[in-house]
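In the two complexes below, chain A is the common chain; its partner is chain B in one and chain C in the other.
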Partner chain A sequence: MMEFDSTHLWMHFWAIATAATVSAGCALVGSFLVVRRLSLLGDAISHAVLPGIVLAVLAGGRPGGAGVFLGAVVAALVTVWLTNLLGTHAGLAEDAGAGVAFTTLFAIGVVLVSALASRVDIDPGCVLYGILELVPFDTVPIFGLEVPRALLAAATVLVVLVVAAALCWKELVFTAFDPAAARAAGLPVGLVSAGLLVATSLATVASFEAVGAILVVAMLAVPAAAAELLVRRFHRMLVVAVALGVAGSIVGYLAAWRFNTNAAGMIAVVLGIEYLLAALLAPGDGIVARVVSRESLRWRVACEDRLASLWRAEEGDAAALAPRTLLDRLAQARLVFGGRIVPGAAGGLTDIGREEARVIVRSHRLWEAWLGRHVALPLDHLHPPAEWIEHHLGAEVRGRIAADLEGDEGDPHGRDIPPEGFPSRPADAPTQ
Partner chain B sequence: MILAVADMAFPAGWIPPYNTLVVAAGVASVGFAAGVVGCFAVLRRRALAGDAAAHATLLGVGLAFLLGGGRRDLPLLLGGALSTAIAALLALVLIGRWTRTRDDAATAIVLGVSFGAGITLLSGISARGIPGSAGLEQFLLGHTAGLTAADAMILGALSLLTVALVALFLKESTLVAFDPLFAAASGWPVTLIDYALVVLVAVMVVVGLPAAGAVLVTALVVIPPVTARQWTDSVGVMLPLAGLFGLVAALSGVAVSSAVPRMPTGPLVVIAASILLTISLLIAPRRGGLARWLRARRTVAAWAEGRLLEVALRLEVQGPFTREQLLAKAPGAAADSAFKRLVRSAAIEPVVTRAGTHAWRLAVWGRELAAERSRRLAAWTEVLEAAREDARGHLTIDVPSPEAILGAARMKAIRESAAAARSASGPA
Partner chain C sequence: MSTTSAGLEFHDVTVAYGRRPVLWNVDLTVPGACLFGIIGPNGAGKSTLLKAALGLVPLAGGEVRILGAPLEQVRSRVGYVPQRESVDWDFPVTVTDVVLMGTYARLGWLRRPGPRERSLAAECLDRVGLADVADRQIGRLSGGQQQRVFLARALAQQADVYFLDEPMAGVDARSQERIFRVLSDLRAEGRLVVIVHHDLRSVAEWFDAVALIDMRLVATGPVAEVLTPENLRRTYAGRLDVLDEIGRAVAEGGRTP
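Here is the complex of A and B:
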């Protein structure tokens, strides 16, 4: 656990640099996993590498060394092989197969760690959530600078991943988005998938020491999924995912420092907040954007229905309905405020309001007339579709329908279709 | 196996104390219920949703600990765990409904973030040295040693309650698990039943928490049903069988972890369950590896016998034949033992010749077998010939080449065997 102490700023710098590097690598690989619907591969692998690491350490490898890397990658491949084996030979669904394979391997790893606690310097807790705070204490000299071993490993993996992604970019993207077409085009799809698997193992193992088994899952999936919500093009998604991952690591580490708690856990929380914000605020189809567009449509429809109802009342064949629902009342208030309805209890239409209302009623009756002529619906089935479409017909469509009706002046209910009106809104009218 | 484990854990003549017995009984019923409830999680492919819920329980444990003012009261902590587990499932549903994120990524997000939040909270609590917080990390990997008899009774009662619920709604759950479309068309509230099952899985995950821990409790829900599935095709058998496997796994884990100091229970439970699964995968009737290996061997043997009979029928035209002649015309790894079986079943009988060399001929029964076999062969050849004409009628340029479907290697093998068959039957 960390204390706020400026003499250890270098330590914090190294820890943050490690977290950011690890996160960038994970976000890079994770983007491919997310678009290929393989996000849980990270989950399976990160659990399953534990026995590989323990056995490699037991065989004399140093934590963070090449031998341990190899052991972990082998363990990862064994998990995937086991999952496939359970799927093809025992007929297990993929989720159950993965659930069986990785929990078992992880359990074996934990038992090994507990049983060999005296010989293997691994703490079962840190296996799960890492010890980012201790990363700066295990260093190797690089050009006279004491660089944490974990950072070195993560940076090496990151470079390898970036180079591999750049070299095989076309193949990776083609396989990710249309594996069948890629296979038909003669790409070695199986090889590319195996490569992605090895890349995931590398990213997972590099992250393992810093953030632990389960938070790797968050680092792999969360920034990529958030980026997918924010942008549409894959290359932009990669950049955004890496940026989100790095930002989340920095903010998470600082928050953990401030609140004196586990850094890896806090990074996962910050990444989760990033995803939440992305889901809420994504342009176009974010939750807020969709709620706003839906509510503004509801609001416009309420206002227009109110205007049309008043117009019909002026036409003389029905009394205007009093606003009943809250939305109706709000619409009424807004129309009064916008100068469409005369204030007061009587509340007739103003000139501008009358112009707008006439266009809506015209749309309504044109559609009824058109349906009556071409679709031969019974009379009492004409109103509902017209009530819906009156809010969406533009001037051009209205013109075409009117031309199609060839001067037929009335709607099927025998009422006049009001003229288009020109100009539909006087130049001195207040804007909405 | 359980007996062996118990022998290891408890030396002879040692009577376990009351508390140990009650805890064992409680954990046994937890294992049983987890297996039963897990069947539907596995059949409905909700295994990973259960995993996400399990990882979220840690956050609930921490929150309940803080809200309860630092009391380590098991029902309180489990209540907190259940509320975050259900919140996690809700988050999964909401992500699926409101965003473009797909199922797998949603599961990974909920799992990773909620676990991170739980770790953050628990680390924060332990860094501040709040009294009573020392045992909270036991929920990570499970540790039954700290359970009191009262705790175990609560766990047992909850388990039996979930089992009773499953038994009560067995028909509905089975229908929804196997044919949700039919269930919906018949007017069953499929979504409601589905959600109820998922919540039941969440309850089970929480109840299993003290025994197996947040990280591995899914295994208690997933592995026993998968094991039971190897033995049966019927839900009515699968449920109790899964319960039994879960019970054995849970008890073994508890027994070993109480015998070995500082060993968390969860991993041991999982390993016990996996051992049961491995054994089942090997020896289960019909689906097991052994059964399938035997079946494959029987097929190969029957095929070799038929091939020998066919060759013998052809050779016999020139009188009795030797074993070497026969085997030379019908080579293969299984030919030798097939020959022995044919002799033993008296389909081939020895002929004593003047030279004293061993010669053989077909017995009446063997000749009938061989004749029947060639009749069937001819009939199948007719069918396949007809299919060839059919294929010619259907072959357009859109039909993919057989290499694309069977693979180049398989196609090459077919071509070679066809060529070999032509050259073998050509002169005759």
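Here is the complex of A and C:
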């Protein structure tokens, strides 16, 4: 818990710098895990490293020291080895094997921490949630500056991860996308995969002190998953993931400071909000984009149906249906405003409106005729599909259909298919 | 044996998953420079035979030689087109990114693809008719286009022997035609193309020679000699229950009834 105290701004700066550095490393590794659909492996490793850390501390290692990193990496590799062992020899499915291996190792870690509390300086609560707020108090001098030990460890790990990713970029990407082809091409797929495991455990251990075993999973998976929604190239995904992770750490820490709550928890909440926003706003596949696309199609269909109905009335088949639903009325108003329909109660088509309506009716009857010729469908079943497809036919395909139907003058109901519009006509019915 | 001119040789190859044999004692020689089909029913072990040749599954017995040498010595001369469903097509890479992967092994560690590799990739994409989608994300392609991306990646490897696993599965007629043309060109350039295939109708039209497989080699040779009603019956209708039963007994360490 933090107090709002401006005399300790320096402390807050160090805590934020640590959180951002840790988060950047996690987002980098997490991106590889997410595209390999291995996010849960990050979860497994972040838990399984605990006994390794405890034993390393017991053996005299300092939190954040090299010995602890070694212990954690060994524990992580043991987890993966155990998972494979359970899979191949005990016949457990891979996810079940991982579930058994990492929970058991984590439990051993918890038991060790509790049993050896007097000899190991690890707080069980800190294992779960981290102690970001206390990070600035454990410092080492660097060029006369007191730098938090955790930041130093996290920064070292980040540099190692960035250098490794840059050097092995080709191998990492090929292996992640298509391991079988990479192996067939002679790439050291096993080595690269093992390297990713080591990188995951390094990123996890670097984060342990600051954010704990549970919230590090959020840092690994969430920014990367959000970035995957936003961009289509892997190298951009890495940059966006790191940016989201760093931004989430800064905003989360400041929010925790403002609301006087746990910083690591707040950071994870902010990361979750970032993901939610990405899912909502992603271009193309985002929820908002999909709703907009669906509704704009409904709107276009309503307008086009209105025009076609008036055209058919002019043709003399039937009286035009009055607009009934709210959408119909809005479409009518839009068409009047746009100069497609004459204002007033009678409300016939204007010249422009007639051109556009004719194209829609042409599309409708062309499709009925095409279905009648190529698909075994009873005559009374032709109208509904044409009502749908008429909104999606463009000029080129209409031309191809007309050429295919050459000789047939009318639609299967015996009505004329109106001719194509003049080239100078302003707006064609757009295709999607 | 090492001085033979054959493209691909299986010498008494047996493959097992766990302890259970799924391919029994395949002894097969494929000449160089031809379109060679591996044909057989579902579960016959066609893909397994391909993966055994590529070292992707371990051999329980026997030996594979490619271009007269063990795989390790000729790996850079071997190209592989896996089944399309074997990868995640939502992976955030473009078509060109995937084709460039074909140049990675030749580049070696630390070197990045440069202008030479990029122009090679563009050339390979042109060959399979995908030049206009070079910058598209791979998830936005049709099945036939995705399969052609894989083929372009293998072409970028500039290999001498190509292995393709069901390249026509879920592929539209136009893509299929295009793929077969590219493969025929490879043969004309003197390369060996080995294809796991399931559609008997196109075999006579495109392939030079085939092997009929159903857990064991049924017959092999030129298409006209091998695709006889008798051989097809032995491959497709004559599932040898005895191999299944023995396989199960071997896996369980027991004895057949």
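A few points about this structure:
Here, the second predicted complex is superposed on the first by the 392 of 432 C-alpha atoms of A that agree within 3 Å, B and C clash if a C-alpha of one lies under 4 Å from a C-alpha of the other, contacts with A are read in each partner's own complex, and residues count from 1 in each chain.
Here is the rule we go by: contacts are C-beta pairs under 8 Å (C-beta built on N, C-alpha and C of every residue); 3 or more make two chains touch, one makes a residue touch a chain.
All figures in this text were calculated on a predicted structure; none of them were measured in a lab.
With chain A as the common reference, the superposed partners chain B and chain C clash.
Judged by the touch definition given at the top, the superposed model places A:Arg37 against both chain B and chain C.
Taking chain A as the reference chain, the count of touched residues is higher for B when chain B and chain C are set side by side.
In the superposition on chain A, contact is made by A:Arg233 with chain C only, not with chain B. When both complexes are overlaid on chain A, the residue A:Leu167 reaches chain C alone and has no touch with chain B. Of the two partner chains placed by superposition, only chain C is touched by A:Ala176; chain B is not. Applying the stated contact rule after C-alpha superposition, one finds that A:Ala264 touches chain B and leaves chain C untouched.
By the touch criterion defined above, A:Val375 reaches neither chain B nor chain C. Within the superposed three-chain model, A:Ile214 lies in touch with chain B and out of touch with chain C [touch as defined at top].
Touching of chain A by both chain B and chain C, each in its own complex, is seen for residues 37, 228. Against chain A, in their complex, chain B makes its touches with residues 42, 45, 47-48, 51, 55, 95, 98-109, 111-124, 127-128, 137, 140-141, 215-216, 218-219, 222-223, 226, 230, 260, 262-264, 266-268, 270-271, 274, 277, 281, 287, 289. Put simply, chain A touches chain B in their complex at residues 1, 34, 37-40, 42-43, 89-93, 95-96, 98-100, 103-104, 106-111, 114-115, 117, 124-125, 128-129, 214-222, 224-225, 228-229, 256, 259-262, 264-269, 271-272, 275, 279, 285, 287.
Contact residues of chain A toward chain C in the complex are 35, 37, 167-171, 173-174, 176-178, 180-187, 228, 231-234, 236-237.
Contact residues on chain C toward chain A in their complex (touch as defined above): 51, 54-56, 75-76, 78, 80-82, 86-88, 91-94, 97-98, 101-102, 104-105, 107, 109-110, 112-113, 137, 153, 157, 163.
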